[in-house]
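The two complexes that follow have chain A in common; it is paired with chain B in the first and with chain C in the second.
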Partner chain A sequence: MRFPYWRHLAILLLLIYPFSGLESVAIGALATPIGSQLDKLFFYAILALGLNVCVGYSGLLHLGIAAFFGIGAYIAAILTTPSHPFQMEYFTAVALATVGAAVLGVALGAPTLRLRGDYLALVTLGFGEVVKAYFINLDNITRGAEGLTPIPSPDYLNVPLNWLSEALGQGPASFHLHYYLNLTFLVLAVVVLRNLENSRLGRAWVALREDELALTCMGVSATRVKLSAFAIGCGLAGLAGALYAFSIGSVSPTPFDFNLSAITLCCVILGGLGSIDGVLLGTGLLYGFDRIVSPLVDSAMPEWIKQYFTIGNWRLMIFGLALILMMRFRPEGIIPSKRVQRELHEFDAKGGAA
Partner chain B sequence: MIPTLLAVDSSAWQIFVQHCVTGLANGMLFALIALGYTMVYGIVELVNFAHGDLVMLGSFFALFCISTLGFGALGSSTAGTVLLLVILIAVTATAAALVNWLNDRIVYRPLRKAPRLAPLVSAIGISFVFMNIGSAISGARPASFGQNDLVSNVNLLGDYGIYITMKDVMVIGITIPIMIALTLFVKHAKLGKAMRATAQDPVASQLMGIPSDRVIGATFAIGGALAGAASVMFGVYINQISFTMGYTNGLYAFTAAVVGGIGKLPGAVIGGILIGLIRSMVSGYFEERWATAIIFAVLVLILVFRPAGLLGDRRREKV
Partner chain C sequence: MAFLKVENLSMRFGGLAAVSKVSFAVEKGQIFSIIGPNGAGKTTVFNVVTGIYEPTEGDIRLDGKVEATPFTLLRLLAWTAVGILTGFVLMMALINVDRFWRATFSSLDRSTITFGRVWNNASGYLTGRLAIVEKGGKWTILDPTRSYVIQSADSEEDANSRLERFEKIVANSGIATIQVVDGEGAIMVGDESLLTLQNQDAASQALEEFRKIEVDRSRRKTFALIGLFGGFAVGFLGAFAMWRRARGAPEVIARGGIARTFQNIRLFHNMTVIENVLVGRDRFYRSGLIGMAMNALGITPEENQNLRVAGDLLRFVGLDAKANMLAKNLPYGDQRRLEIARALATEPRLLLLDEPAAGMNPSESADLMKLIEQIRSRGITILLIEHHMNIVMAISDRIVVLDHGVKIAEGTPEEVRSNPAVIEAYLGKEEVS
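Moving on to the complex of A and B:
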């Protein structure tokens, strides 16, 4: 089945969730209720899906995805914030942020995509640093380390939600507007990617990952395929960035660093390279662990352990070990794409790796 | 980061020479780290992302030796300081070599035949682990490398417009012999020849009876030792270490290796010096905050016009 019923079920559950009253239930000593984390989860999922297009489908190791996330966020912020002259509307800003990030992705890709894989990794990594330097140093546009704020929300969209919650007698918490917007964009992204996966372009991406030479011999331009993967991957990252800017209401340079790129890569690899379900699950698990499980466990731990060990302080260690162990024992991720799984285990069959 | 201690009335050329000296000393350190990247890349085609963080851990280890183990007591006289530096470098290099060898043995070796993404991602994982260990040791704030300067910061040229200190002399005086020794080793020693053979064709060299896994392990150990030596000098030279320094310096060093032509030992040295010079020139004549951006712009330009680096061969990728 192309779109099994449990996906509809998941979407339905997510749709009614804000009206269930569950979102205001705080578990334990958690300061923020779980529900208010979900809308952030959605744009991180879009970001991971974007990275998945580059790394998972096409096999281009992109280590600067956070830069494009940041570019999207800054474009959206600059176009809407009152202190800048544009003050555009929500959807225009989101669209322009997506397109802007995609164009910059192509601009970065065009000169560098003929490089070999590892060089590409380095250039994207370096590009991430350069972009961050711009965010910090272009004071009169980005306001430097201070960042841009406020980023106005499209409040007119609240009207139907408010009407609905009044009719149900169940008031959703304040996160509901961005919750629905982000969820909509996530569903859209998933639908588009699912269709792309089986299209001519999607198959070209996979062919690029598996054997670039064979792809070119079939008369497909490898450069074009790579550029399209970069454009769509970076564009999705830009979309995610714009949603981030609107959901958080402000942007500043610090979140868009290598850590974000690496953690997004963790999401993709943990869930399963090249598999949409996998990436969604990976994002959920990783951010769920980071934002919900680890503060919960930390707050529940007795003082004498906390002195020496909190998950919050050792999260990089945990992520690092997870990456190493995944690569060693299950490189295809939790929900692998069948094709990637076969590729990655090719060497087992030959009796290679122990 | 780079101390700018210029006399007020320096003339233009004195300022220029000053930036060259600072750039050279910094560049030598980058080169030493870059050698570790390039050796490992040359033999297993792996970008060892954890290498920069190994340098960071090395610096903390050296600091631990000085302050907690009391090695610092040696540094009271000139001869004592030299002895201290030698001991520190030897101990740290050994420890770093061991750690890097273990990395290879535990993490990379099982992935030798896996697709290239697998060891690369593992390397990022190791880098995370190292960074976390570093932050656990140091806390969020940077640590000072000993209360007083271990090596004097006094201008050797006296009251002259150019500022050259014992630290610059130390860095250049230690790195150059190491580099010469490394070049001779790779060229003439049996292990060095084995390393070159394995880099050239792992299967053929294995057929000739070269134990490739051991040779690769040795390469990691040597790269780690160079990182250890660099980390001691880094701590002494900059005098301030933090757990994030591995990432930045690793990135610079790897850029140096690529700029020079990855896999080539002289390339790494030239690349390192070039990066050091660019950095000090940008900081000196422009603004330091743009240094990273300009270095990466240079990197992209070099990769676009000479994808194999300055000294690399223009060989097509093997099919």
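Moving on to the complex of A and C:
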């Protein structure tokens, strides 16, 4: 009901993690430390939470979430990169990317209000492909296939925030800055979604998924509920995209394809549709496996096995297998969504609350 | 005056008439029943009254008023905004947004970007004006799309005078001619020589370029206008059509004070019992998005207030002990009662019950009858569809009988019971042998 204790524990662990000494364990041939992969995990988690608003709560099968991730990334990149004249500061760019993606989400949602299920999935899938084509072809805006680069390091009021990393004694090239910024945004997103989940809007989302007609007969406008789900879901995807742009330092069209949408959907389904904890865990498992576990295991494997088998090459196979097993044995996800239990007080009928 | 007045109501699906020319009037505080054999159009009447279908003919008045979203100035403004936005987007799509971006922003950097300059560049591209760009004491004249340099100049005056002459050539490119003077080619408009180049070929090539600019300019203007006004029309009319269509939508009717239950139970199955009722309370919440995002559970007075009302309603229908169960796990009779509680949560003036006793045993039906009486005593008028004749005859004040979409009888239970037309509809005609 309240913020469960293990979430506090998780946040605490993540806060001290960069100083634990584990963060610099190098992974495989790339020799990137684990810590620099974790900050990427955070924005993928925000992306999955955004998709969860559309698919998990509201039951709107959205297969184009990568497009909104890309839109957020490109807005943030255009607003900050030196080759464009705007060069805004970090927080403004992140906010505008979020709002821009939300507005486009509403613009996609408004004409498709009467579509449900498969048909909505087709439209969103098509939208994703169209947006990707735009990223490639709008040469002057997005610099086409080569993409926008470099995206400057986060700053506030034109003061680079690198001093944070330096103050932590890690040098300007460390991952600490993005790690903490992304973690902050993730915690913020989780808190806001947790509040929304138990507000009237969250209830209306779930009711929309359960029975749209019954919902409208209760005096709730399904139009508004759907559009708000699109706005918040796509807005979160845009936020994740902006964080992606800043963390990676460059933006190009290739990552924002259908694969990303599909994998994000896998995260949501694996963890548990409509459950925040589940989605976080699902993202942690899928991306954690992809980015951290498989390179670690691969680098530890003896050379003669590597000739025949590396987890890195077989990872899509392993994803597929995991999903099939999941659907067979636990279709509701690892942590299924649970409705909040409420206390009913004795009052009014017997005179005042007891 | 009647509380709910249904007049000449007809509902046709394609050629099939589900309901034709049904009229009845419900007085305040009555329990009014609609009965009839299967397929008589009873549920269709309910669906029309609650706005799920728009009636083919006839009208429905609650307290003398048709429930519909009113037209306001704010709505007009909203449609206009949607229209302008659509127009802008369509215009951008038609004028090649990529070249527009280059024309608008490529000559600027962070120190020179101002709203005036951006506006100047953007409108210059749209209207096809040639542009002057100054960089480090050098002036260059660019084509309207800012993709190539036409000429360079040494001073601002020089650049301006050249620009003026070029604009003149572009404007008159249809009638401009080439003349050869001393081996040099000159572009002439009338008697005025506007540009001199080293030979005739170069001059005619340049004139060709100016003609292209002119064609491009007029084409772009046309496209921009088509996009702007076409998009505006599409957006404005689309928003208007959406409003027109949703005028009498179920949510509007529900907010007007008509609530209903469904023949085949339509609860929110994966939500708890209390949450089902809270969804019904939705229209009494006032908090906006920010308020909800800040709303940690159980802190806001609004949420507590509505939770209290929902709890009372559950107590009223006898489900308070099961408040935290999922709706799908309730037994059948409890699901029916929960649906009634959910409908009551919207604080209706008129409650429509669609076969509430379907599938209930006699003792459950008796409980239900008591519940319906209690709801009436709260001042809520009830419109009931039911097949259990003992319930209908016992609690109804007035009954309407439908058969094949036509009203065949109306009156008090006694009158209806003895009406030969009703007996015929239910039991068939006695054959004379």
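To be clear about the criterion, the second predicted complex is superposed on the first by the 305 of 354 C-alpha atoms of A that agree within 3 Å, B and C clash if a C-alpha of one lies under 4 Å from a C-alpha of the other, contacts with A are read in each partner's own complex, and residues count from 1 in each chain.
In this text, a contact is a pair of C-beta atoms (placed from the backbone, for glycine too) under 8 Å apart; a residue touches a chain by one contact, two chains touch by 3 or more.
In this text the structure is predicted, and so the values were computed from the model without any measurement.
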{"item": "Touching partner for A:228 - first (chain B), second (chain C), both, neither", "value": "second"}
{"item": "Which superposed partner A:139 touches (first chain B, second chain C, both, neither)", "value": "second"}
{"item": "First, second, both or neither for A:317, with chain B first and chain C second", "value": "first"}
{"item": "Touching partner for A:302 - first (chain B), second (chain C), both, neither", "value": "neither"}
{"item": "Partner chain in contact with A:213 - chain B first, chain C second, else both or neither", "value": "both"}
{"item": "Which superposed partner A:85 touches (first chain B, second chain C, both, neither)", "value": "second"}
{"item": "Chain A positions touched by chain B in one structure and by chain C in the second", "value": "137, 213, 344, 347"}
{"item": "Contact set on chain B toward chain A in their complex", "value": "41, 45, 47, 107, 110-122, 124-129, 131-133, 135-136, 247, 251, 254-255, 258, 287, 289-290, 292-293, 295-297, 299-300, 303-304, 307, 317, 319"}
{"item": "In the complex with chain A, residue positions of chain C that touch it", "value": "50, 52, 97-99, 101-102, 105-106, 108-110, 112-113, 246, 249-251, 254-255, 259-260, 262, 266-272, 274-275, 278-283, 285, 287, 289, 292-298, 303, 307-308, 311-312, 314-315, 320, 323-324, 326, 342-343, 345-346"}
{"item": "Touching residues (chain side chain A, partner chain C) in the complex", "value": "1-2, 84-87, 137-141, 192, 195-196, 198-204, 206-207, 210-211, 213-223, 228, 339-342, 344-345, 347-349"}
{"item": "Partner chain B, residues of chain A touching it in the complex", "value": "55, 59, 61, 111-112, 114-119, 121-123, 125-127, 129-130, 133-134, 136-137, 213, 258, 262, 265, 269, 273, 313-317, 319-324, 326-328, 331, 343-344, 347, 350, 352-354"}
